[in-house]
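Order of writing sets the labels: A, B, C, D, E and F. Residues in every chain begin at 1.
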Amino acid sequence: MVAKRINGNKQKIAIYPGTFDPITRGHISLVQRAVHLFDQLIVAVSKNAGKAPLFSWNQRYLMVRKSLEGIPKVEVIKFDGLLAELARSLKARVIIRGLRAVSDFEFEFQMALMNRKMAREVETVFLMPSLSWVYLSSTVVKDIAVNGGDISTLVPPSVVTMMARKARQSKKNR
Amino acid sequence: MVAKRINGNKQKIAIYPGTFDPITRGHISLVQRAVHLFDQLIVAVSKNAGKAPLFSWNQRYLMVRKSLEGIPKVEVIKFDGLLAELARSLKARVIIRGLRAVSDFEFEFQMALMNRKMAREVETVFLMPSLSWVYLSSTVVKDIAVNGGDISTLVPPSVVTMMARKARQSKKNR
Amino acid sequence: MVAKRINGNKQKIAIYPGTFDPITRGHISLVQRAVHLFDQLIVAVSKNAGKAPLFSWNQRYLMVRKSLEGIPKVEVIKFDGLLAELARSLKARVIIRGLRAVSDFEFEFQMALMNRKMAREVETVFLMPSLSWVYLSSTVVKDIAVNGGDISTLVPPSVVTMMARKARQSKKNR
Amino acid sequence: MVAKRINGNKQKIAIYPGTFDPITRGHISLVQRAVHLFDQLIVAVSKNAGKAPLFSWNQRYLMVRKSLEGIPKVEVIKFDGLLAELARSLKARVIIRGLRAVSDFEFEFQMALMNRKMAREVETVFLMPSLSWVYLSSTVVKDIAVNGGDISTLVPPSVVTMMARKARQSKKNR
Amino acid sequence: MVAKRINGNKQKIAIYPGTFDPITRGHISLVQRAVHLFDQLIVAVSKNAGKAPLFSWNQRYLMVRKSLEGIPKVEVIKFDGLLAELARSLKARVIIRGLRAVSDFEFEFQMALMNRKMAREVETVFLMPSLSWVYLSSTVVKDIAVNGGDISTLVPPSVVTMMARKARQSKKNR
Amino acid sequence: MVAKRINGNKQKIAIYPGTFDPITRGHISLVQRAVHLFDQLIVAVSKNAGKAPLFSWNQRYLMVRKSLEGIPKVEVIKFDGLLAELARSLKARVIIRGLRAVSDFEFEFQMALMNRKMAREVETVFLMPSLSWVYLSSTVVKDIAVNGGDISTLVPPSVVTMMARKARQSKKNR
């Protein structure tokens, strides 16, 4: 599914793509930084079937929508396919990515070069999360939750509830 | 399973957690370094169900026990859950981690920050293995064994035997 | 399967091992660089059952053969087992590896040290791909193809055809 | 010297600070990318007395002005002092930095965190130069020029002339 | 100058060596972590004539003493020579080093390996500073101070005063 | 000074350039590896006036010659200018570089890309030193020597003598 939209004017539209499995306070902090820089921010929840996410595509989409509710200029969409083509179809000039660590950097660099090859007019822009969220990733959140730890300072309340349900299920299946 | 123990005095207890799938001479060298620095070392073999280890939790526990037999001040336990909570329940002041490479460093840094957030009084301490074991990891050992190579200089004798059995099995199933 | 060959003279034989799932223009560029440096280049397509490649061992072997057709001094073989032993049995003095990024570097370093331990007389030699292919990997190619993108500038024509077939299959199975 | 300017409206102003000793085609490519993203770009040539630049502050300022001549929405200023304060006084919301390599990344990360501490409302945004300029730095340009190499594809023509003069001088003084 | 001391008992003594030009809140946080882990901590202010420090050896020694005043189990010494020999002469079992970034890591790794070669019985132990000080280094502090910025949250009050004096001097000499 | 030589046949000539300030056992181990791979190895001692080496250009040249004496197929030359042009004038097909760490890697990558741009027919080939010398660099050797440490296992005997003399001088001048 690729969202379609009209952009007749010269607005600067940015896309923030991700799996968001689940969305964390680190992601939210990045969204808040990005909305100050561009006219519109489209958060694109990718299907990512290959990675076998914990939450379904739709669950993740709803989770992200709920978590970003009330932040102005933000729209959440579901996305499956090539990021470069999504950017082009949305007339977005910018892809937003967060950078936390050297390993992020190399992977992101490779992706950005590839996207540039496929859509020359789209620029990848890297932002730094708040220092407090540098250690935070969706993987870490899942690890803590599965082991019965408290994630309430790491994700929004609605995610806490959904993770608790998942953790109970995965415990049962072990 | 989380071990319980009483620590009334001011002993400096350190935990060395890991999957040990299998334990290598690199791990053993780290244990030997750590026992010189702290009063007691608890080697915690984690369940790690998510990673689908080659050896069962119990096999790994027995393997580690056998390999560290005779090193004074060392205790081996099985561990499932949050490392920060294990440290707290054991009144351990220190988590020991080995550092070999830049990629280790980033992951370990993230884990250490998260553990510090969950248990402020526990310090993660990084040690360097002997230079001879810098290239050694459990993954490399499994690779060599599966391909019929000689691992007798990389792991203790009991592990050589167990790996040989596993390699035969995995060969059959291919 | 390990190729056998006689090397009575002092020819400098190099092995370029890989999974090639699929072969990319980056790999081909590396082959072209390597043939200028050594007397013979053996491209060894590894079975790599553990990694669950997209293409079968035989498909990858045929793909590589077709793609390197006409480059002098190159031979393609199938290979399962230890690289160090393959090198020894082929009397190869050199293992060729490409270096693109820091994360490559650390993994390759570890492998090279291990291979040196197993076969002291074999040297691992690192080459740099053309700048244009620095962002290119087999994983990236598969990603683009699965999402319906154009890979015709990234891989040879025969691979384009085979990837298209695979992409259709994997789409059906999702 | 810190430039002063009025920014009553909601224009998005970005600063691109640097020593530019000398300006290279890599810098120019970054400027061209940045002007597409923001409403105004202020290129700030820092004094950087500590680094003992090859060209004087004023030479570098003139060099940058000449090289960016004709690119719309760009202004060049001289700058001495704290970047965070410059950003604040110019009502700039964004600091632009180029990222080429892991070592860049770590230094830039540290700088960005420090600038954020000093001016919370200013965001550091990282851009990637064109792949062709990834290997290019002012240091490399100086190295080649001093050794009598041809830098005409690496820097604009006016810099070629100025470098040639410097190279002759530095040769004399050796 | 190398401090001499008697260590008849089995106390675990650690050395924390550095240039401390100047000491920052990051250094102090590391000292506070280290004193919880070992029985005695010797902070060794190295002469480091090669690096041309901003503050004299004696100024740095006094600065460190003043800043660590009141922390129990800490002793400050001046140190010139080989770290491995200092450790041996003080019967210290441990060298403490802080790790902040990948670039730190590589340099520290090299130093630790070299020190191990020179004094096998001494272990280098790496600690992580508080997240708040990850961006902090003596170099950054000097940069901010020279440019007239506020460093009062980054260093102890006595260092603020001394830096202010230095900054005035260096301004005069420019 | 650039050496001139005739290469009418198809010999594979490699250049190993460096400052060698001083030459270490790590450098020598790399030379020994390289001579097995190529028909001739030219060790090029660069002037490197910019780096202010401890030993003069001529001292370093003589030191390298003495240390490599007796290794067949090796020639030592003095070199000032562009490496790419040296390679071309010597009809060398290969530039040899050692890789020890991630920071090496990035710098070397940049240099190799630049040299490729200047001389397309010359390939940079990276080799790994023996594990025992991974921690070794000319800088580390100088550090230890200046501080009165024993470097006799790190450099050849002739360098020990020359370093001792230098160390005495530099001690006097402090």
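By our rule, contacts are C-beta pairs under 8 Å (C-beta built on N, C-alpha and C of every residue); 3 or more make two chains touch, one makes a residue touch a chain.
All values reported here derive from a predicted model rather than from experimental measurement.
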So which chains count as neighbours of both chain A and chain D?
C, E
With residue numbers as the basis of comparison, which of the pairs B-F, C-D or A-D duplicates the interface of B-E in over half of its contact pairs?
A-D
From the C-alpha centre of chain A to that of chain C, how far is it in Å?
34
Quick one: chain B and chain D, Cα centre-to-centre, how many Å?
48
At which residue positions does chain E touch at least two other chains?
102-103, 106, 109, 113, 131, 134-135
Pairs of chains satisfying the touch condition:
A-B, A-C, A-D, A-E, B-C, B-E, B-F, C-D, C-F, D-E, D-F, E-F
Taking the complex as given, what residues does chain B use to touch chain E?
12, 33, 36-37, 93-94, 99, 102, 105-106, 109, 112-113, 116, 123-128, 131
In the complex with chain A, residue positions of chain C that touch it
101-103, 134-137, 140, 144, 146-150, 174
Which chain E residues qualify as touching chain F in the complex?
49-50, 80-82, 84-85, 102-103, 106-107, 109-111, 113-114, 117-118
Chain D to chain C touching residues, read off their complex
102, 131-132, 134-135
